[in-house]
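Chain IDs A, B and C follow the sequence of writing; residue 1 opens each chain.
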């Protein structure tokens, strides 16, 4: 068991090391978020109150798009030189591969999210630093959910022709409950005086989602990778 | 043998449906809704039958991963296709009813939203299949996606019912809790009709999958020679 | 005890049998040259042995124990068609990663040792992307041999190696054999294979049509095997 976690950490570290050297995912994803933020500001011409009312929804739409780019790379980066084969042939258990990649996807996505957040606050005049702890809590829970489902589907689509198209088509419907929870609670938190009962329901949903899909990913990844 | 079963189910289902339609058309109009209330006899059974078939598909996905027998994969795709078709029926009939009663074709009410989510989840499954050429890979990946999709259904229901998340959702008006006694008969038969016809279609699809696999393998053997 | 015992292994892709009733027992310390035309099933068989793919039917055991699981994979070294190294990591970082995955006690020392054996120690901090093709091949070999595997699974290892890399690989294989490792190697390079091989197996359309010790005729005329045991007139 412990060796599995050591392996998971080695893989997460490897992903982050290579990413920090090339920065391909982070750069592309952050730039894309920026573009989407600008596009949305042109799409609607609203008063500040109106922006506040849709703030959570807007932010998590941007994060969902950025997330798809990040998780798409997750297993795709193992294709050159057949690295995926040697990872599977190593003693690392498949669940360790899955967890390691989920962790690295999580870290990368959080970085992109934290870069996008001040820009979002700037363009839409949202005071995102209010209830910062709670906002970060929601961010962490929802981002983990995106990471585990995204990494699982990244593994499913790694070898198919239309990977970049199929991954979002599979990913977004599954993420809808998670995004609803994140959007609703984030809007409430940005509003300033959050009604705790609303947040509680959303948090329960996020935690439930995370647990279910982490368990499914860990349990099923072996079938995805070895057939 | 299987063809006989398909024929029997199909004929039985169709006859029962004709009889049921007759019963339904003879029912008195609803006080509030008028003629259109009759849509409930196909709208709700379609949703229920779809869920039955989706549950069957879940079992098949799990069985394929455990046993690797392609029968389970064929049954899974057949069940999901028929189930998704029924969800589409549910969505269309619901939309028609909504237009008649509320004046809008789509109102984002809780039930319809939930069904739309189901449709999207399994649409992904159906779109994934043609994208994978190799049969074992296709079956394995489909099974995984099928399990992920089914697990989402309760989460979707939970999400759209969250307090304060959406204020625009009308409560499901067709969900009245108790059905008047004279409606229960046609309602129950409506479900049975769809189960019969749905099963017949699934078995037909199963035959088709079997034939397709045979052709596939013959083709490979021909090329390898 | 046999290092590797393959018993009645079938592999279907859909309804197409890529491997048919493959049964072969590889004695410990042997070097098995797995021969066959393209599409015969060599890569499929090696991938199954490396746990990358599951047999549809049949069993495989290694030293009597089932050939799957973390413990099994820690004893094998796999060198497939792709070299299996990360372009954006240095040679040392690559080996450290796999050292950690293979639970080597002192990964740093093992990595340096492996790099030294393949002649890459002086460029250990260079990114794999910057290496020449031959150097990348040698790095791949270092990766496969680093943890002193008991069974080596090599899929066409000599293909597109330069002469320096071939020499390094032959040296490492000889050393591994002298330390008691078992080698299963698929190849088209009959000459190099026959020099090293102690046993030979010929796969044709998924079936083993010959398995036995290497004989003199195979060294002097490498195509003898195909002509003798393979399909006539092809």
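Heads up, the rule we're going with is that contacts are C-beta pairs under 8 Å (C-beta built on N, C-alpha and C of every residue); 3 or more make two chains touch, one makes a residue touch a chain.
The structure displayed is predicted, hence computed values, not measured ones.
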Of the chains present, which has its C-alpha mean closest to the combined C-alpha mean? A
Of all the other chains, whose mean CA position lies farthest from chain C? B
Find the two chains joined by the most C-beta pairs in contact, please. A-B
Please tell me the distance, in whole Å, between the geometric centres of chain A and chain C computed from their C-alpha atoms. 38
Indicate the whole-number Å distance between the mean C-alpha point of chain B and the mean C-alpha point of chain C. 49
Centroid distance [mean C-alpha coordinates] between chain B and chain A, Å: 31
In chain A, the residues touching two or more other chains are 227
Multi-chain contacts in chain B: which residues touch at least two other chains? 136
Spell out the residues on chain B that touch chain C in their complex, using ranges where they run on. 68, 70, 134-136, 213-214, 216-217, 220-221, 224
Residue positions on chain C within touch of chain B in the complex are 12-16, 39, 56, 205
In the complex, chain A touches chain B at residues 149, 152-153, 156-157, 159-162, 166, 169-170, 172-174, 176-178, 180-181, 183-184, 188, 195, 197-198, 201-202, 205, 208-209, 212-213, 216, 220, 223-224, 227
In the complex formed with chain A, which residues of chain C make contact? 47, 50-54, 70-71, 73-74, 76, 78, 80-89, 93, 97-98, 100-103, 143
Sites on chain A touched by chain C in the complex: 3-4, 6-7, 10-11, 14, 17-18, 21-22, 80-83, 85-93, 226-227
